[in-house]
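Next up is a structure, given as structure tokens.
A, B, C, D and E label the chains in the order they appear, each numbered from 1.
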Amino acid sequence: MNVTLQQSSANSVLEARRAHNEKLARRADQTRATWFPLALLVVLLALPLLQFVGNYNYVLHLVLFTASYVAMASGWNILGGFAGYVSLGHSVFFGVGGYFAGMLLARYGISTIITAPLAGLVAAVLGYMVGLITLKVRGPSFIISSIALLMIARILFDNWEFIGGANGLTLPTNDLPVQWAKLPYYYAMIVIAAFTVWATYRIKHSKFGLGLRAISKDEIKAESAGIDTRFYKVMAFALSAFFVGMTGAVWGEYLTYLRPNIFLLILVSANLVLMSILGGKGTIAGPVVGAILIVALNELFVATMGASEVNILGTGLVMAVGLIFFPLGLVGTLAKKGKLPRVLNWD
Amino acid sequence: MTELLQVTNITAGYGDGPAILDGAHLTVEPGKVHCIIGPNGAGKSTLLKSICGMLTIRKGDVVFKGKRLNGMRPDQILREGICFVPQERALFPKMTVRDNLRMGGFILNDQKELDRRIDGILERFPILRERAEQHAGTMSGGQQQTLAMARTLIIKPAIVMLDEPSLGLAPKVIQEMFDIMKMMSAEGVTVLLVEQNALMGLKNSDWGVVLDLGRTLFEGPAADVLADPRIQELYLGGKKAA
Amino acid sequence: MLEVKNLCKHYGGIKAVDGATFAVERGSITALIGPNGAGKTTAFNCISRTVTPTSGEVWLDGERIDQLRPHKITAKGLSRTFQISRNLSDMTVIENVIVQSRVEGIRGLLRPAMSAEERDKAMAILDFLGITRIAYEDGHNLSYGQKKLMDLAALLMSDPKIILLDEPAGGVNPTLMEEIIGHIRALNEKKGLTVLIVEHNMELIMRLSHRVVVMAQGRVICDGPPEMVRKDPQVLDAYLGGVLEEEAA
Amino acid sequence: MADILQILILGLALGGVIALMGSGLSLVFGVMRIVNLAHPSLIIAGAYIAYWAFKVLGIDPIVMLPVSAAIMAAIGVLLYRLMFERETKSAKYSEMTVLLTFALAMMAEGVLGGLFTNTQRVTSPDYATDAFFIGDVFIPKGQLYAGVLSLAIIAALTLFLKYSRLGYAIRATTQNREAAELLGVNVNFISILAFAIGIGLAGAAGSLVSFVFSFFPAKHWEWVAMLMSVVVLGGMGSILGTVVAALLLSVVAAFVGTWIGATWSTMTFFLALFLILLIRPQGLFGEKPEMA
Amino acid sequence: QTLKIGASLPITGGLSVSGEKHKRGYELCTKLINEAGGILGRQVELVVSDNRSDPATAINQYERFINVDKVDAVYGTFSSRLTFPVGSILSKYNMVHAVPSGGALRIYEQGYRNLFYFQVSAAEYTGKDVVAVIQDLIPAGQGPKTAAIVSADDFFANAIAAGLLGEKVKDPATDKEIADLAPGYLADAGIKVVMQEKWPEEGFNDWLNLANSIKRSGAEMIIGLTASAEEAVQLTRSLKTVGATPKLVYLSQGAQTEFIEGVGESPANGVMIHTTWHKDVPFESTLAGKPFSNADFVKAFEAEYGVEPDEDSAIPFAVCQGIEQAINGAGTTDNAKMGEWLHARTKDDPVRTVLGRFTWDERGLAKDKSHIMTQWQDGKLNFVYPTGEFEGVVPFSYPKAGF
């Protein structure tokens, strides 16, 4: 029998696959828009000038509030997004940072803006130690262990008389006039947020970040590829706690009131998770976009629907719809489909 | 010559990705052993997945006993009589070997008959009988492969499609495997297999198919495929025929 | 170079590895064969410490490694592949490969994830294995054989001293396998790479290996040069089932 | 001595109810790999059904149990089709479901709050605040009935999943969806069924809980952490583990609460979780995770 | 142009039950004012938003009221834990802060300006009236000699407990002593505390065990300082289940309808609760310049919502009345002037609300007021103390006949 092998060079499948791969390759080194976050930062730094022409305290408050969540969600992203360990207990570090710096302020009068890095460090050490225990398990068990951590911290703080127990602790307010009173915290928070975003960028593009991503996919494979998974994970935990702790420090003084149930709330952690996931877990711009989106949505709900159960229903609905239609988050899903606007490509 | 399964010029791919198959065709005749060969990534597994309904077919037809299968679910296609053992072992890792076999006969309604057939299988494969209560996920690679194969023997379908049945099996067992396949085809079950161990595969088949870059390059008697020098060089490791 | 002494791994009543002892000489290609369920993969797992051995010792270069964590062992130059490929989904093939390149010290951690040299090196390896076409594909979306090749590429990326291959030929096209074997042999000859390989493809084993260790039921039943092993009646009975004679005929 | 016995009984009584609530969670995880964070809020929904039936029609919550289970199961079918169906193919199904059910919990809270206000409710059949007195020692009737009934339900369900053909199909689908489909299982139907069973169980638990604890829509936050701790401690997916952990922890908590202080009794659950992670990460009855 | 007043309330979350009732109080009062022509001739627009029981959100929302909605005045929020941080922010903006709920003494010792508490007194002093009932209404020698105090670990409950037990109130930030309440009201009345226990604010379930401990302690008086009506229900039901037999039960919460609905008539019988308000007390107040009695309030409330009001709606109603009178009195919505006007109230020219008359000291605590002690009797909440001040006082029932 005659065998015919037509090795036609114009094989359409070959073409299609090559085109596909080229598309993927192009996406891999798509130029990122570093100018955009920088421009955003400049605008935000100049924003308080508005105070000269009127009272824009609420705008500043919103930006500050958003920035604090940007910092925390980005910090959370290191552990939850890069390493794949979803923690619902990160508000513990928010609380530890807040209380540590807050007590220093109350007793010695040192502003939390100065002690924030120290507070972050304390949170990081705690994160490191907790990580040694809880990072032994992954998936649902880890999530639950993080909730348990939160509960334990809550009970301990509630019963620790030295820091005011469940009744809380008031901090002195600064003496600036109403118009300028927010500025120190505003700038501190913007700087912390910017620093955190920059840090997550650096981490993602380092060997450490690559290792974390490998860990999030398959820990055994990662370990056998020569990655010290335990060290990487625990470091990721400590780093993410660090940024959340710093934020907590400044937030405490800004609120002038420390109370376990302001900081140690599951809803605070849930917000971090929601923001990161809605924006795009594991991406740089994701937590930022998520934070802005959630704060804006909250404002919208408050403004249009006021007080009602619609509020919580709305939040749940947004989360569900977001997850169903953007399973990788806004940034992640758009990037996968190749439809991400250039300005949001930060990684 | 009446064909049992006719695949004509199908196009298929994963999700909204590129077409992996484009212009693949295949004719399966009753009672014979068919062997598909081709390099890695040629689309062999993809072809089998398209036939059994795991992938949506974008263009072309799959016709089985005169009935069009396009758009049917895998479980419906199984009930039509086409059974598929994928390459990545389709076992239930946290079920025992026996329960895996029991699942193999899920479409049988007669539980007594099922138990009888399971016993028959365990009889035939001593290694499985030895491990009947072990979780399938903790078995060795070859043991898992054996189990996956053995499971297809429980129901007696019109066509069995096997994706690299010899994978990870010891030489002695491979021989047994092919013997079983021959026996199945003798019993009237049509076999369609994909093999990288092409020499072995073709030697034990009646019909050979060469697939590369998503299209069928050659279809013909297995002996012809084995004999062709270009196929030798490209797909069989360049050795002279035995 | 690699010494396994009295290695045991028991799962409840099942003795997956039951007192296996063998050694791999520096610069040699040693094959580990045996029937299905003989304990070959389990032995690999114990050596690379993916599972904890029940008892026994593993020595690498005169140093005991069975107490070390897996990444330490990898850092000492011992790399392995998995019988059932483990790939990192949502990461491209090239990332899957580069992940395996060596990172040393804290400073190493801060290095860029993918330097230009690493990328070039990875691409060269992929090219050799014929899978550049899918370099940017998701590591999960590959065909069975492609995954095996990707694993192999990752292994070569880490410049190991000794590699443990678990059925590298399973599911790989024979023509391509020929080339891969050629490459491994070249590495072995030129760079003194030590290889321990598990394979069921006897023909390949006979051509490639300097020495063959045969396992059955968790024990080593035969150990010697290929010619000797293929004639051993015990091996023929337990493993080969007379295949080779048939082929020779 | 009577004291110790009494504390033991009270611990067991509370443990029975917690076991009931937790085992639904465990079951849904065990057979479907869904960590249903909405389970407590669906229990509350079930409790509302029992509450209104009790208040308006005077039907005993125990009698209402099958009805509220059926209603919740029907709601489960709807939820599955709307929220979970399209996720089943996702590689990150398990992780996705954690987040989706979290969203579901919030939505349920919102809807329940809108329908029933945030006033706290409790059904009060006579047995709810009554007890059997045996000498000095008493056994609270409400908890006893709830505990015994729930153990019966759980046992029945476990047997069903273990031995029935549908049970096989459900387990197979969870372990390897593709393979199950290739073997002739209509996986979508099976998934809906399994989900409906899980939610129906929440409905059943709701009826029983309605006379043990008081509830309002936001209450689920308090329950979720405790129930989850019990489930992890017992070993994710092991129902026996959940029951044992619930009973054990409740007894320990009862002693801690009496001898050390009520504040610390809640802590027992969380500390125990950390301890188990230290010494036996897979939980009391969990299977050791597969390695290579 | 409308006159805007903002209130942030916990409509969802842990405090939602009371939050919802507060909203009704504010809404009803606003509606009545508007029907009567508004304040200063302007219609009043009430802006309520939900802070989900979260302090940070509450602060955020008051900032929003002031800066974005540009409200003319605000009403306070519910609970000490929310009031504390809100106090700081409102003080900073110089707003009049009329507090419906937030009884911890520490709030009033922070030096916040323009704070006005619309309840009897700081929570620390509540015990005074409890002990007064025992001393005045129970024949000498028959009163309880031992007490068990169980309390929620809540700002408010802790404060009541501190007064009863005679603890020191300290500011943990600076360790400064705010008040020394020694020896405590119970010791004053010669009652020995035989058991004391606290349960955590959230996630506590082990009520039966707690009740059992109370029973074992053999205390003749049970003092239950719960943070919510829900907890009061749980505690009472458990006490019934274990078969406790105290002579007297005093709860800090439980005047609400949910309580009687949850526990049933007979277990509730004889349970004593302190309140700031009771529907039968003949308080006279003014609303929109016209007389408006407490009975009018109850009637209006029932007409609007179809249920009887309770304390949680009456107090915010009074807050609203206070703000209305302050704006009218000052003749402007300038909060500084309103504050001055409120501070200038005297015994003869007080703020008149459905909670009675209010004048305040420098800190913002009401002067010369005492609690109304109520008791559940046959499914009705009757008020039993103070005797001789108003009509309608019902005889005190003692001792309690089991649950």
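Criterion: a residue touches a chain if its C-beta (ideal position, glycine included) is under 8 Å from a C-beta of that chain, and two chains touch if they have at least 3 such contacts.
In UniProt terms the chains read A, D = Branched-chain amino acid ABC transporter permease; B, C = ATP-binding cassette domain-containing protein.
As the structure is a computational prediction, the values presented were derived from the model and not from experiment.
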| item | value |
| --- | --- |
| Joint neighbours of chain E and chain A, given as chain labels | D |
| Path length in steps (a step moves to a chain that is touched) from chain A to chain D | 1 |
| Centroid comparison with chain A (C-alpha atoms), farthest chain | B |
| Chain pair with the higher count of C-beta pairs in contact (D-E, A-B) | D-E |
| Where chain B and chain E are represented by their mean Cα positions, the distance between them in whole Å | 76 |
| Cα-centroid distance, chain B relative to chain D, in whole angstrom | 43 |
| Rounded Å distance, chain C centre to chain D centre (Cα mean) | 46 |
| Multi-partner residues of chain A (at least 2 other chains) | 17, 20, 151, 155, 158-159, 220, 308-309, 311-312 |
| Residues of chain B whose C-beta touches two or more other chains | 17, 138 |
| Residue list for chain D, restricted to those that touch at least two other chains | 109-110, 113, 217, 221, 225, 263, 266, 291-292 |
| Residue ranges of chain C touching chain A (in the complex, touch as defined) | 48, 50, 69-72, 74-75, 79-80, 82, 86-92, 95, 98-100, 102-103, 108-114, 133-137, 154, 158 |
| Sites on chain B touched by chain D in the complex | 52, 54, 73-75, 78-79, 83-86, 90-95, 99, 102-104, 106-107, 137-138, 151 |
| Complex contact set, residues of chain D against chain E | 3, 6-7, 10-11, 13-14, 18, 109-110, 113, 117-122, 124, 128-131, 133, 138, 140, 142-143, 213-214, 216-218, 221-223, 225-226, 250, 253-254, 257-258, 261-263, 265-266 |
| Complex contact set, residues of chain B against chain C | 14, 17, 38-42, 44-46, 87-89, 127, 134, 138-143, 145-146, 164, 167-176, 196-199, 233-238, 242 |
| Touch list for chain C against partner chain B, complex | 11, 14, 34-39, 41-42, 83-84, 131, 133-134, 141-146, 149, 167, 170-178, 200-202, 238-244, 247 |
